[in-house]
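The following pair of complexes shares a single chain, subunit A, combined with subunit B in the former and subunit C in the latter.
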Partner chain A sequence: MNDRGSRRDRLLSRLVQAAFVIGLLALWYLATTRWGVSHLLLPNPLLVWREFVDVLSSGEFLPDLAVTLGELAIAFLISSFSGVTVGYLISRSQYLIRVFEPLLAGIYSIPIILFLPLYVLLLGLGPASKIALGGTISFFPIVLSTIAGFGYVERIYITAARSMGATYYQLFRYVLLPAALPVILSGLRMGFTVALLSILGSETLASLAGLGHRIVHLAESMDMARMFAYIVFAVAIAALLNTVVSALEARGKRR
Partner chain B sequence: MNVSVNAAAADPRPAAFYLRIVHGIKRRPWIARLLVIAALILMWEVAARYLVDPMFLSPPSRVATSFDMLFATPGVPAALQATLWELAVAFLISVVIGLPLGLAIGLSRFSYRSFMPIVMLLYGTPQITILPIFILYFGIGPASKIAFGVSHGIFPIVITVVAGVQNIKPILLTSARSMGANRWQIFRWVVFPHMIPSFFAGMRLGMTGVLLGVLLAELYVSTAGIGYFTTMFTQNFDSTRLLGLITTLAAMAVILNEAVRRAELHFGRWRRFEAGRQA
Partner chain C sequence: MTANNIAVKIRNVSHQFGEKGDRHHVQALQQTSLDIARGELLCLIGPSGCGKSTLLNIIGGLVKPTSGTVEIGNTVVDGPLPQEIAFVFQENALFPWNTVLENVMLGLMFQGVPRAERMARAQKSLAAVGLADFMHHYPGQLSGGMRQRAALARALSLQTNILLMDEPFGALDEQTRMILGEDLSVLLARSGKTIVFVTHSLGEAVFLADRVAVFSARPGTIKDVIAVDEPHPRKPEFVTTDKFTTLRNKLYTLLHDEIRRAAAEAGERPTAADIAT
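Up next, the complex of A and B:
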């Protein structure tokens, strides 16, 4: 295919995407203004936009955002520290890998959100149960990728470094770590995404504060426009955080 | 099952015997895996008996012996059955919509470039934030749970099917075309067989998503179904029945996951002879 043709194709693809988004917004607008869909089910997009601007300008979102981000930070710190440590210790022996890797992967395949009621019972409705759940769920991708990163370094590199008389620190610093880092970084990114999702999820299911709680609260008081505004806000925050983490991951891999 | 070291130490038989046991465990990691699970359950038992208030954590021995009490609770069997049914329907809908959608997006370069970014964008958004909307539109019955399950299950299926279609080596398509195959023949004899492994991989990921979506919605609705009972057991500090219910649901999830994983292994077999590993 020649260059001009492919460029026209690309333009057309962008056009289709734009048409899709605009069409969706137009449908939404028409449904609320012309077709009489109840505003209790679907608020007017202009109203949602106004509420969104109000939420941002009034700073009302700050306490909820602080709660959610605080929980996320603590949960991710716990899970990344424990996940990398446990993963490294397991990866030091092929036997331990064979014992623990299927076990951890098996537990990871259970929807761990099921344990939320138990965590709420043990730790209460406050941030502690969210931190515990987010930490538990994000522990698994991190520990599994750490095992994969450290455990499957090509033996020949290790043998070569050893035969050249590398100390253990040198072996770790110049052979194991560079080989494992990209895999671990992917795991950390996955862990972060999962932690964010599970914290938003547990706030939605049972909590006293946080973005997820705010959305549920607005839904229960049938304040639809503001609820939609908060959903847009939460989705934007999640997208922003995920973009930042992906960029950090890419940067860490390039080094 | 329990070849614990303590029991062995009290035994007066010669050292070679224990060496053989240790060696046997070393050669069979699954025995060690079972021992780890047994140790974890033992820790739970000790913690629940001596460290934590029984109102908050029930020991596994009591949970295991109280399943009949759980199932005798009016409404629990019906709620579990309803959840299983919702999972099945949501999974079926995800596959029925996701497969043709994935094919439609993956089979043409133009639709791939146009719609794949939209799919990835939707897949990347935290859908949990719109759960209240699902409940509002579809009610607190099975419909909202099925819809939420589908919203979680459909994207992994679409994405893996697209990836499977896109990963077909161009040379296979070119050679089929040069031998005069028409579109249908290319689909039937080149695309279709290459798609099967990724289709089953997508089904596995879709099942994970469906489980998450349905269970999230079930837990969210606290006036009916599973969510009603978890809320009630939590409020009554009935940790025995709560843990029994969680264990039952977890077992359900493990069985469903295992079923689709087996299907994936079975139908992905021929791929293993190829050099590249399926992503």
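Up next, the complex of A and C:
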């Protein structure tokens, strides 16, 4: 009975969520057809849908998507490798943790997007500056969670393993790593999300290609319906990637 | 006690945390010497902070003493000896990300037991502590008493001659503690292991031990050693005998002054919990 009750609750909240989205779309539609909101600011949703279908079926999005995803992949690869390595090395010493953890947390809290002009000056308008920015921003949650994961393993686990004769490799593989993994995975997911956000964002500010670049280009040529179609596309891609990453994280944490 | 009947030889062991004059300086152990016979169960009992757990860790090679030596057989302890010594800790030292069976098998792997033997040995020792039906549970799914049984199984599977137990039942309730104590007495009577058992509980000490070493307040050293002359395995009725009561009262008298002294030094009044019965 309890189970049925909770299922009904879930169903009800799904219905409310769906009604909310449908209501928003209805408002959007009414705003463009009845209330006379300028089509330059807000195009008709049906028109946006047609443009969206066209973007998908023509395959026009492919080069821009490839640029954005390529930047994301390289940035995330760099930040996850360097973040986990540096975090592990720092976590090996209480002294290094005391010195570097507050320092890194401090840097993490400033808006690193402010470095974009510098990166563009140094690396140009191409993918390199986006990779550098995405890599820099996502490095921090990853390194911080790696320090937290490896640095605060319960001492008793280490003592117990040592008393049973564990070698250093065994201690790492069977004690430190499984103890730290859930925290590191959370950091990797956060790093991935901020890398995607900062890369899309920086493409809209200064770039030669990519989804963000395409959206700004369409806005500047007043092609609003198509611009909205690209925004919908970018949102869908981001949602899809985040779902995949969250699922991978949940799988890694399951035991 | 003849020379080759000695399993653990403790000689003038002192230990301090921090340097003299430091704010955190603590003289935990002072000039402690003791011989532990092969196959005996020795309980260490004393006021909080008297260094009994520290001594246990020094015997097991987990802590290096500031001065003095511990010898196992003819070797001076200088680090963990997984082939000779197994530990059961007070806290839950099972790895929560592994099942009970995996925990025991991991211990065997750390110790260097060939892969082919691990499964059978792990299952056997889990059956011995009564956890055959819970091998595939995770520690978080077990009660505190069952977790300590699993920790005991992990230590037993290592088949060491010496077992060091640091208040293994300290976090358990009185009833669970009593049952585990009785089971432990049966289990260990057959094993012939040398066991050093740290406890706060006078009753537990008398019930389990062949000898009880009473520690003085900090800086701790062994004040007296009381023999409990009663064959193993001990029957539950042992606790109702005059012999048991007399021994427990003797321990109480020995300990009481030390607990007072320890409390006065710490600037607190002793509470009833400091003298567990």
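Note that the second predicted complex is superposed on the first by the 239 of 255 C-alpha atoms of A that agree within 3 Å, B and C clash if a C-alpha of one lies under 4 Å from a C-alpha of the other, contacts with A are read in each partner's own complex, and residues count from 1 in each chain.
The rule is simple: a residue touches a chain if its C-beta (ideal position, glycine included) is under 8 Å from a C-beta of that chain, and two chains touch if they have at least 3 such contacts.
Everything quoted here is computed from the prediction, not taken from an experiment.
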Subunit B and subunit C placed together on subunit A: clash or fit? fit
- Task: Check the residue A:Y152 against both partner chains and state whether it touches subunit B (first), subunit C (second), both, or neither.
- Result: neither
Rounded to the nearest 10, the angle in degrees at the CA centre of subunit A toward subunit B and subunit C equals 80
Does the superposition put A:V16 against subunit B (first), subunit C (second), both, or neither?
first
**Message:** On the A-aligned overlay, A:W49 touches which partner chain: subunit B = first, subunit C = second, or both, or neither?
**Reply:** neither
Discussion item. Output check: A:F115 vs subunit B and subunit C. Expected answer is one of first, second, both, neither. What do you get?
Written reply: first
Output check: A:A234 vs subunit B and subunit C. Expected answer is one of first, second, both, neither. What do you get? first
Exercise. Answer with first, second, both or neither: which of subunit B and subunit C does A:M164 touch in the superposed model?
Key: second
Margin query: Contacts for A:L103 in the overlay, against subunit B (first) and subunit C (second): which applies, first, second, both or neither?
Written below: first
Partner touching more residues of subunit A, subunit B vs subunit C, is chain B
I'd like to know which partner A:I215 touches here: subunit B for first, subunit C for second, both or neither. first
Once superposed, subunit B sits from subunit C at a minimum Cα distance (Å) of 13
Note: overlapping subunit A surface for subunit B and subunit C spans none
Seen from subunit A, its contact residues with subunit B in the complex are 9-10, 12-13, 16-17, 20, 41, 95, 98-100, 102-103, 106, 109-111, 113-118, 120-122, 196-197, 200-201, 204-205, 211-212, 215-216, 219, 227, 231, 234-235, 238-239, 242
The answer for subunit B against subunit A in the complex is residues 26, 29, 32-33, 36-37, 52, 56-57, 109-110, 113-115, 117-118, 124-126, 128-133, 135-137, 208, 211-212, 215-216, 219-220, 230-231, 233-234, 237, 239, 242-243, 246, 249-250, 253-254, 257
Subunit A partner, complex, touching residues on subunit C are 60, 62, 80, 82-83, 85-87, 89, 91-93, 95, 97-98, 106-107, 109-112, 138, 158
Seen from subunit A, its contact residues with subunit C in the complex are 156-157, 159-167, 170, 174-175, 178-179, 255
